[in-house]
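Below, chain A partners chain B and then partners chain C, in two separate complexes.
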Partner chain A sequence: MMTYIIRRCLYAIPVLFGVNILVFLLFFFVNSPDHMARAHLGQKRVTPEQIDAWKRERLLHLPYFYNAGWRRIGSLPAAERDNTAEFPSAGGGEYALVIEAPETPRASPPRTVRLQSSPPERLMLSADFDAQGTVNLSPETPTRRFLLRLASGASPELPVLRITFTLAAPAPTQRVLLEYKEPLSLLARLTRTIFFQRSVKMLAFQYGTSDDGKDIGAEIMKRIGPSLSITMPAFALGLFLEILLAMGIAVYRGTYVDYWALILCVLMMSISTLFYIMGGQLMLGQLLRLVPISGFDYGPYGLKFVALPVIIAVIAGLGGNVRFYRTIFLEEMQRDYVRTARAKGMPEWIVLFVHALKNAMIPILTGVVVTLPFLFAGSLLLESFFAIPGMGSFMLEAIQRQDFAVVQALVSLGSFLYIVGLLLTDISYTIVDPRVHLE
Partner chain B sequence: MGKPMLMGLACMFILALVVVSACTNNPYRSSEAGRNIYYDTFHEEPKHLDPARAYSSDEYLLINQIYEPVVQYHYLQHPYTLVPLTAVSVPVPQLYDKDGQLLSPDDPAEDVAGVIYEIRLRPGIQYQDHASFAQAQDGTYRWHLQPGASFPAVEHPDALPAKDTRELRAADYVYQIKRLAHPLLECPIFPVLANYIEGFAEFRQLLEGEIAHIRAARRQAAGVFYNQEADERTNPIFLDLRQYDLPGVQIVDDLTFRITLTKSYPQFLYWLAMPFFSPVPWEVDRFYTQSAAVARNLTLDRFPVGTGPFKLAIYQPNYRVVLRHNAHFHPEKYPEEGSPENAARGLLADRGKPLPFLEEAVYVLEKESVPRWNKFLQGYYDDSEISSDVFDQAVQVSAVGGAELTDALRAKHIRLETDVAPTTYYYAFNMLDEVVGGYDTKKRKLRQALSIALNIEEYIQIFLNGRGIGAQSPIPPGIFGYQEGPQGINPIIYEWDEQLRGPRRKDLETAKRLLAEAGYTDGKSLVLFFDTRAGGPESKAFLDWLRKQFAAIGVQLQVRSTDYNQFQTKVLQGNFQLIQWGWSADYPDPENFLFLLYGPNAKVTTQGENAANYDNPRFNELFRRAENMVNSTERAALIRDMLAIAQEDAPWIWGVHPVGYGLYHAWQHNTKPLTFGGNTLKYKRIDPDLREQSRVAWNRPITGPLWGALTVLILATIPATISIYRRQRRTP
Partner chain C sequence: MHGLGVQPILLWSDLLIYTLLCVGGLWFALALRREYWRVALRQIASNRVAMLSFAILCLYGAVGFLDTLHFRVTASSSPTAGRIQSVLDLICTSLIARTEKTYSAPFATHLYTKETLLTPDGRQVRDYPRLQYAGSHLGESHERWPDIWERLATGLGWGLGIGAVLLLGLLGLRAWWCWHTPPPEPAPLARWTRGGLWTVGVLTTVAFLVVEVIVLTAGYHVLGTDKAGQDVLYLALKSIRTGVIIGTLTTLIVTPFALFFGVLAGYFGGVVDDVVQYVYTTLSSIPDILLIAAAMLILQVGLTAKDTTLSADERLVYLCIIMGITSWTELCRLLRAEVLKLREVEYVQAADAFGVARLTIILRHLVPNVMHIVLISVILRFSGLVLAEAVLAYVGIGVDPSMQSWGNMINQARLELARDPIVWWNLCAALVFTLGLVLPANVFGDAVRDALDPRLRTW
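On to the complex of A and B.
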């Protein structure tokens, strides 16, 4: 059995990796970091500097898969006809001057760029530049990169680069950027990428920080408690009631109890959970005033808040499951061993609840054990309407706020939970059914 | 049925009895009953409570009660006026010319080379107790640690063992203003302030240089594996801003500081009332910008430190936020006087009493409006706004057309209060368009005709439940320049009706006549394009209504709807004829509304806020003269002339000033639905005993139906039980 478990775990790794890549592609190719930044920073005029700062804080300024080392160390918006700015450099090394493409077609194209450094002798420009360090640009210039070098000097003083930039007319959205090529090791080149920082790390459960700056891992740990406080009692109570009721109905097969119970089950299945939620809040919270309408508290004070969501969760799942379990029990009760047990004179309830139940558990378990890990994930609807600060509302809020980091983290966690659930199902199978052997 | 079964059933019955008797729908702990606590909700988790970064209403809700700028808005005066808060008096700007000579307000604006605001603070104002002030015996700060050290495992700075307080100093205000230029904080109003405060832009560059040096040094020390973001996340860069000189903000002495602006800007005082200009001591900055604090997630963004009446006691933004009375709050009294309307509302009953009245304020996160509304009705929230789906439950239109509460709410002694928002929603014509734009008589008459045809009053009735007043000009009530009565109406669109005691819209015949005079007689009809962002089913009803309005005078309205980004591009490029737009005041000065019609602010040429691209040289001239004036009769006259010009030109269809409706329980006093400023929590007073009584009376649990349901359930199983019993006993 151990070898089986180990083998399943090893199979799980490529699955998780594949899910990770898919989610990554979905998130970052459909929605580029620039779009995310604009969505978050709102409708008021957003400057390119604000977008850069936003991306930087969330590591979204890094390249997708491979980092050649280029790091932006200065940017100059060309607001006037003549613009000059000085940037402290990062010492000797390779640099690039990047002329960004104009944002709107009406914006003025760049005319000339001039580069100087102090001390001047350390600057080495490419052949595009003349002796004074000036280059003329043609009007149809797309984004251009000019490579340059700063020689390493003996003095520890960092040279300063001066860029002068002229246009035909002021163009506030036209930018000139200065980049520095940092020498990076191979490991750094592969790990300082969006894919590693925001995707691969999740395989190690390092979820990083949300787009709001909170630690996702710590937040998840805080929110699991409230989620479990609803899903666990709902699960246990629900299972207990469903088996009891299904068994009871199975005993009365063919009678009026069976008939009406079936109708009731189908009715309950057809009603949406949202109706139960609002109905429950209306009836028990508002009209009968037995429980608070919504809210949450920790510790023993939380009982009154948890009562209604648990009841609703149980009732919402009751219809479908009772119907299903009833079918299973009916099948079991027609077996020979049941007839034998009755013939031996055992009381009916022992026959049902001790012998038949054990065998009926096999199909029940396949459906039930796989949902166990999702107890941690909470219920989106319940937590939202009852203001429970659990995992479900975490996911819902992240989606509403377009917090991609959190949604990615929760999807990754969800895929892990699902795999665990499937593995647990297989293992539980062996425990319950002695005929099954896993190799 | 066996004995164990019976016993089990009996146990369950007793358990049910116990549970049901303990039932209550009170969401608060019993320890909170009868205490002087105010309960309210917030809608979304606040992102930044750092005064240099906070800019949304959920955030201001909290920090307005914790931080104290030098001035504040008077709670009860109308129109809004500034009064001192931590300052001794409202600072008066001193204007100087380039030689340093003092100018008078009558001197021409071009001579002004500098404006100095000297602010003197009141002595004896203390901060809340905070760990950042705690000092050891030898004078070193207990919690200002080196990188690598760590704090005990706490969730809140107040849980740290040592705390202290200190007196407010002018240096704290200066420190915060410097923080507004900090490159790592990205203050949203930095671009605006850089235009006015002397040396502000250069100061930011100075700080950028310092940060670059520090980063270069760290990079050299760390070598190849230097990762700037990870490094600064765990070990943030701290700049002690006391060491860097900002020429535009100088400390004069312990309690006095001076701000120098490069040009005259009277509205700067309103900025001084915003949380951006709160005091932040250097000790607090040092405390929060260290690795030990960041490791425990203690940042100024989450745990503010102020001199205000309240401090942040519990911060669980996905559940509840609690403000508690600041024990060191300086003595402040309820205002002694106010405007006649506010006096009539009973808002002067507590005049002269010490503030704040509340002990604690609890804000609970409620995202869904239905539970929020129901808990308000049950008495668990002290006030509420009215969302449109519950509007009918709350408000009905009385016989004389005003709004009053339904009987259900009046039975609970709930109050309704209304106030006009300093906001205007309008329809802008594109003055650069060849069909609707232009300044000749014909085009003017066309726009006037369309303005008369769009029945704003009907819009307010149908789509806003009557919660708004029709705008006569860009300036809403409560702002200087707004005029009540017959002189204040827009004579182009309205006539004064003595019986209504209000403006009456001119009829459609007038509109048709104006349209004909504009050149659209029979044979030639107008097709008007209305650009909008794509909306849901609610907007369909609105667009149908809009079409009907213009169809009544023979104008065909074509709606062009696109997604929001495309819509913004269209407006930016001047590619529209008519759009709906809005503006909410940053501060209560008419300049903040009239600048929307100032020619040089046209959106197409300078990306300014003048979406209609209106450019009338006479209007521009008057605006330049009036924009920086102090409120006076002369200024009022200039504004009247400007409004007359704009009303004649009709670049906008003056739309709606929305009216805020607030519902308040009887135990809550000193409330106003909409105020500038927002540091109003200190004025609120609660009667906890009345609240407790009302809650108990309104929320008696009804357990009858539960017992009934249980009984029915048990009875329903009796025939089944009997039949099992019989089946067991049956001998084959």
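On to the complex of A and C.
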């Protein structure tokens, strides 16, 4: 039993990791961080520096999976016709000269970049450069990266690198960047990446900050309470009512009560939850004024706000579940032990409520357990309609604000809850039903 | 066609629907050759409630199909030149043309909001103005109820007429049947007649309702008008195609993948099975709505960055694919479990022992024997998907806001309910139309499942 649970837990790890990789690919590969920055900052008149700042704020300036240690030490904007700048180097080691491709290659003029070092003898350039350290690029050349090297010299003062950028005509979105390769430890190379910072940390519930600067983890903790105040009573009340109704219908099996109850169940299943919510708000809140239409309050005063959403949640789930539980009861009632109990002369109500109910609870409970963790996730529709500051409305706000960090955190949390639910189901099987032996 | 100034248009979703119809028809023809399917079909046909549901579903399907036949009027003299239209638009031309100023209640002759009016003697009053089109045939008199009753009676007359014609047709058929069948077969004849009467009754009722709506629509806005003054009946009819597409295409786009991976995992087992299981566990552990939201958000960002937009139709297809990705795992799991069982069955083992190629075994013995599960899951998922569309529209990640759908109607109705006096007909129309599709779909789905595989019964 214990080994089985441990094995199931171990199996959950690759699944969680898989979800993380999948979500990462979905969020950061389909759209590059540059795309996201542009979508957020607007299309027109956004400078590369603004995009860099946006990315840096969200740790999106890092490489995806592996950080080789490249660090930017200089950036030369190409706003003018001729541009020259000097950057102090970081000493001996590898450097890279990155020449960004123009936004619109057709309209852009050819470019020339010249690289010089102030004690010139230490600079070693690749074959792409000519003897003067000049490289010529046509307008169509994509973003290119030239590796170069500064030999470590004896003198303590660091050499200065000088870049001259020449353009036939100004083109404001191209830049020349100078990068230095920092020696990093293996750990730093793997952790200073988008994947680690934005995905792996979520496995340890480190969710980072949302786009408006709030700590997502703290926000989630704050919102779980209001969510639970709706989902828990709705769950308990709903389960109780459903089982009661299903048993009642099962007692009248094969009669018109059964027939019409089933039709009512299918009818209730066929109505969208949105209608229950809108109808409930309209009838009880707006016309009869029994409860406030929306809002939330902590403590006993919150009861009047919680009542209507709970009722609606119960009604919305009633049809499908009553129908399902009825089948389970009917199956149980055909078993031999029920016949034996009746043959012994047991009163019918004891047979139903003691013998049959106990056994029917096995499939019902195990089916219900998988939904238990999702009580924490709240209800998206109810919370947004009733203005309850819970997890569901958090999710909805994040989606509508296009806050990727929050959506990603909630996806991660949601899949974690699902896996916990599966685990609980497996465990509850062994506890409730002694016939089940798990290997 | 060009001479008429009409050019047929094939949208992506149209293409998918035609493909679906072709594949469905082909499959039906193949299935009818096998006894198992014929027996199941007979069982469904003998279930009256299921057949009634099927008739309603067919009506929805027909409207959706009419809305799928798209064309564009190229003749520049036409007022609708250059716009993509469907045959349904053509049928509803008068409904589209009779656009009022703003909200009006069902069967109303006046607007729902007060306006400053000029009386004939030059005074200004605040009152509800007359509608431009609805009830205009009444002239100065405001007595609409006699007119409505009259129209209802006309519709009833038509309905009775259609019923009588159908009944005569049935009697004729029966006479023909008696004439051509040798005498000692009375029992199936009696059953046949009862079934025939029932069919005539259902068809008459459906025809009666359709005729009533047509007759009333000619004079009034049967379901009122929305904020822009458009007829709500027309909007609800246009929404049928969206709902049906989301309900069917979503499952069907990804069914081949589910079939492929499910059968593969079940038949080969081992590492293949592990990998497939891992993939679907991973996918299904992401909450559906979040996966859909993430995918839609990413699409939006990607499009903004590339400075392009998606047409409403492309967005619909994309949404179907995304929703399909969240829903194929369930089917894949079921198929894998079934193939796992089938692999041990004698005839598969025998085929294996005879050295039949694995591909042949899969195609001849496994795939045909799990097709019922595919059909059941497609039909049972249908209603859930139609309802999900409304939720997605509310969250803002559903179909394009410019596209008519029940989700968008409900979404608008949210604000209308907060008005005083409330505008309720938009919501009610969406409720009635979704219920009219989802309820029969649920009933019919249960009947199909019971006929094909009672073991899958969950109630």
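Heads up, the rule we're going with is that the second predicted complex is superposed on the first by the 352 of 439 C-alpha atoms of A that agree within 3 Å, B and C clash if a C-alpha of one lies under 4 Å from a C-alpha of the other, contacts with A are read in each partner's own complex, and residues count from 1 in each chain.
Note that in this section a residue touches a chain if its C-beta (ideal position, glycine included) is under 8 Å from a C-beta of that chain, and two chains touch if they have at least 3 such contacts.
In this text the structure is predicted, and so the values were computed from the model without any measurement.
**Q** Once both complexes are superposed via chain A, do chain B and chain C end up clashing or fitting?
**A** clash
**Q** Does chain B (first) or chain C (second) touch A:P183, or do both, or does neither?
**A** first
**Q** Per the contact definition in the header, classify A:V19: touching chain B only (first), chain C only (second), both, or neither.
**A** second
**Q** Regarding the shared-chain residue A:L290, is it in contact with chain B (first), chain C (second), both, or neither?
**A** first
**Q** Please indicate which partner A:L410 is in contact with in the superposed arrangement: first for chain B, second for chain C, both, or neither.
**A** second
**Q** Examine A:I311 and indicate which partner it touches, taking first as chain B and second as chain C; both and neither are also allowed.
**A** neither
**Q** So, does A:M278 touch the first partner chain B, the second partner chain C, both, or neither?
**A** both
**Q** Is A:G91 in contact with chain B, with chain C, with both, or with neither (first, second, both, neither)?
**A** After superposition on chain A, A:G91 lies in contact with chain B alone.
**Q** With the two structures laid over each other on chain A, which partner does A:V266 touch: chain B (first), chain C (second), both, or neither?
**A** After superposing on A, A:V266 lies in contact with chain C but is clear of chain B.
**Q** Superposition on A: which chain C stretch among 78-86, 114-122 or 240-248 collides with chain B?
**A** 114-122
**Q** For chain A, which residues belong to both interfaces, chain B and chain C?
**A** Touching chain B in the first complex and chain C in the second, residues 43, 278, 281, 286, 384 of chain A appear in both lists.
**Q** Which residues of chain B touch chain A once you look at their complex with the stated criterion?
**A** The contact residues of chain B facing chain A are 2, 20, 23-27, 29, 44-45, 47, 186, 191, 209, 212-213, 216, 219-220, 224-225, 227-229, 233, 297, 301, 316, 318-319, 364-368, 370-371, 374-375, 378, 380, 564, 568, 573, 607, 699-703, 705-706, 720, 723-724, 727-728.
**Q** Residue numbers of chain C touching chain A in their complex, please.
**A** Residues in contact with chain A: 278-279, 281-287, 289-291, 293-295, 297-298, 300-302, 304-305, 307, 383, 387, 390-391, 394-397, 410, 413-414, 417, 422, 427, 431, 434-435, 438-439, 442-443, 446, 457-459.
**Q** Under the touch definition given earlier, write down the residues of chain A that touch chain C in their complex.
**A** It is residues 14-16, 18-19, 22-23, 26-27, 30-31, 34-36, 38-39, 43, 262, 266-267, 269-275, 278, 281-282, 286, 323-324, 326-327, 377, 380-381, 384, 395-396, 399-400, 402, 404, 407-408, 410-411, 414-415, 418-419, 422 of chain A that touch chain C.
**Q** Which stretch or stretches of chain A touch chain B in the complex?
**A** Of all residues in chain A, those touching chain B are 43, 45, 47, 50, 53, 56-57, 59, 71, 73, 88, 90-91, 104, 106, 158, 172, 183-185, 188, 192, 209, 212-215, 218, 223, 248, 251-252, 255, 257, 278, 281, 285-297, 301, 304-305, 347-349, 384-387, 389, 393-394, 397, 401.
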